[in-house]
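Common to both upcoming complexes is chain A, partnered first by chain B, then by chain C.
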Partner chain A sequence: MTAEISDAEIEKHLASLIGPVGEPVTALVEFGAVRRMALAIGDLDPIHFDEAAARARGYRGIVAPWPLLWLYFFTCTEYEHDFPFGRATVHGQDEYEFHEPMIVGDRITVTTAITGARLKHGRVGRLGQVVSERRFVNQDGALCAVLKTTLFRR
Partner chain B sequence: MGAIFEDVEIGQEIPRLVKGPITTAHIVRWSAAMENWHRIHFDWHYATQHDGLPDVLVNGSWKQHVMIQLVTDWAGETGWAWKIAFRFRGMNLPGETLTAWGRVTGKEERGRFGVVDLEIGLRNEQGAEGTPGTARVVLPRRGGPPVPYPFDPAVLAG
Partner chain C sequence: MLKVRTVEPEERWFEDFHEGQEFPVITRGPMMVGHQVRWAGACDNYESEFHHDEYVARAQGLPGIILSGPLMASYLLTAVTQWLGRHARLVRFFDQNRGPTMPRDMAHLHGRVRRAYEQDGRCLVELECWITNQRGEVTTPGSALAELPRRPGGGR
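Up next, the complex of A and B:
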């Protein structure tokens, strides 16, 4: 089946993916989740555990390690895409931009969109490339981070 | 405290960060922290029989974090790790020890601050580079103000 679909049909399908994905979702930055993440990555900077230490460094409160973005990625956003071609979907690359730190007690709203989707022809045949962008904004409207994830379909 | 723009030289290596040997416990702990229940990270039968992988895999996001830690440690309290990007080129397995490294590839004065570009990566003991990437860090200049928190790229214009 997959061998019969034309490049034009694939391009049409990929173009249809571009746009918002689902509704924005809001999640609370919990102390337990922050502590667990800091321990999981072995980042023992006290700003991730100790409010006084974090405030002494100028932060509003206990600072979430940036990888906590992935918790909201997995619990707040859709990540499955069906492709009418190819056999495997591979997580190809990620790009981060960091702004306002996420602080325990913050409410982070995650907005997801597919911002790019195109078909390329590589050495081993067709390669679909889909870029999704997640913007993480806190309760005050401050942009905390942007995470761009590229999936390859081949 | 952190790096000062004037002290940074193109070609300079930043202090490395070594993690490992990575065990399955590390992988499961990380998967739980971010609630990623993809079975290739904890189910050996699924990983090897269904997906044909050599073992369960170290999470790509964990590998990225090691490099985020590398860059934020170097930027220190007065700098800001602004942008980081990675490609997933190779898989890493339990038992490996991984070394995060970074090298300065460019530097530019921007207003009262300095912007430094780095190439970064994560090598195993065999020297295989699995996660090459780039980073952009904003640093204070000697005698200048610390990079403002929260960081707003508009400060680079003035």
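Up next, the complex of A and C:
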């Protein structure tokens, strides 16, 4: 199949990916999830475990470590795409923008869009590059974070 | 739940950082499949079998289990928050999954200040950060930008 599809067809397919993906999904920031993530990445800052400690540092409540974005990435968004070419999809890079902290009890709404998709020709042949962007907004409409993920298809 | 023994990041201010400043290397590892499994639990994501099953990984043509790129990046991000101290607020973070981390690999987390500057009344510290393995190979290059307050009362 890889040998049969033309560059023009691949480019057409990639262009068709650009735009919103699925519907916005809302999730509650749970203390257990915050604790589990903080322990998984070894972030022992008390603001992730203790409300008094978090308030003493100026936060509204127990703070989610930023990598908790990945919980919502995997449970609230579509993150796999169909490619009509290549054999493997590689998670290439991530770019994070941080704004309002996510606090236990917040309701975070995640929206996903493909913002870039193109075909390149590398040393080892065709390389598809797809950039998806996820925006995380809390119950007050405040933007918490933007996560841009680049996948490579080869 | 048992109380977690927490560790508060040190108190640091904008004045504590300068261009070229190297941070103490933080070493994680040896990385084990258990680290990956714990990450999968925290993300509630078990879709990619090659992240936790050696047989599947090899059947897919991989040299073995590959630990998740975002897991390694999250270790690096956490190191950044430790280096910059309790008052820092991360503004941006970037990482590339350049090389694999496999079970029993070491992860040495490095960081260096690229610049410390003021812009529009904000005090910002930009740094480069990266992970090397036990062979010295850079597996995860990255960068970060954080905002910090000035030391109260001024001076160093």
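Criterion: the second predicted complex is superposed on the first by the 154 of 154 C-alpha atoms of A that agree within 3 Å, B and C clash if a C-alpha of one lies under 4 Å from a C-alpha of the other, contacts with A are read in each partner's own complex, and residues count from 1 in each chain.
Note that in this section a contact is a pair of C-beta atoms (placed from the backbone, for glycine too) under 8 Å apart; a residue touches a chain by one contact, two chains touch by 3 or more.
All values reported here derive from a predicted model rather than from experimental measurement.
S.K.: Overlaying the two complexes on chain A, which is it for chain B and chain C: clash or fit?
M.R.: Taken together on chain A, chain C would clash with chain B, as the superposition shows.
S.K.: Regarding the shared-chain residue A:124, is it in contact with chain B (first), chain C (second), both, or neither?
M.R.: Touch status of A:124: no partner.
S.K.: First (chain B), second (chain C), both or neither: which does A:52 touch?
M.R.: After superposition on chain A, A:52 lies in contact with neither partner.
S.K.: Based on the superposed arrangement, let me know which partner A:8 touches: chain B (first), chain C (second), both, or neither?
M.R.: In the superposition, A:8 touches no partner, neither chain B nor chain C.
S.K.: For A:74 in the superposed arrangement: first (chain B), second (chain C), both or neither?
M.R.: After superposing on A, A:74 lies in contact with both chain B and chain C.
S.K.: So, A:65: does it touch chain B (first), chain C (second), both, or neither?
M.R.: It touches chain B and chain C both.
S.K.: Does chain B (first) or chain C (second) touch A:142, or do both, or does neither?
M.R.: first
S.K.: Figure out whether A:44 sits in contact with chain B (first) or chain C (second), or with both, or with neither.
M.R.: Touch status of A:44: second partner only.
S.K.: For A:100, is the partner it touches chain B (first), chain C (second), both, or none of the two (neither)?
M.R.: First partner only.
S.K.: Both chain B and chain C touch chain A; at which residues?
M.R.: 33, 36-37, 39-43, 57, 65-68, 70-71, 73-75, 90-98
S.K.: Considering the complex alone, what residue numbers of chain B touch chain A?
M.R.: 19, 26, 29-30, 32-36, 60-62, 64-66, 68-69, 72, 77, 80-88, 149-152
S.K.: How about chain A: which of its residues touch chain B in the complex?
M.R.: Checking each residue of chain A against chain B gives 33, 36-37, 39-43, 57-59, 65-68, 70-71, 73-75, 90-101, 142.
S.K.: Give the list of chain A residues in touch with chain C in this complex.
M.R.: Chain A reaches chain C through residues 33, 35-46, 48-50, 53, 57, 65-68, 70-71, 73-75, 80, 90-98.
S.K.: Over in the complex, which chain C residues touch chain A? Could you list them?
M.R.: 1, 3-9, 28, 35, 38-39, 41-45, 47, 69-71, 73-75, 77-78, 81, 86, 89-97
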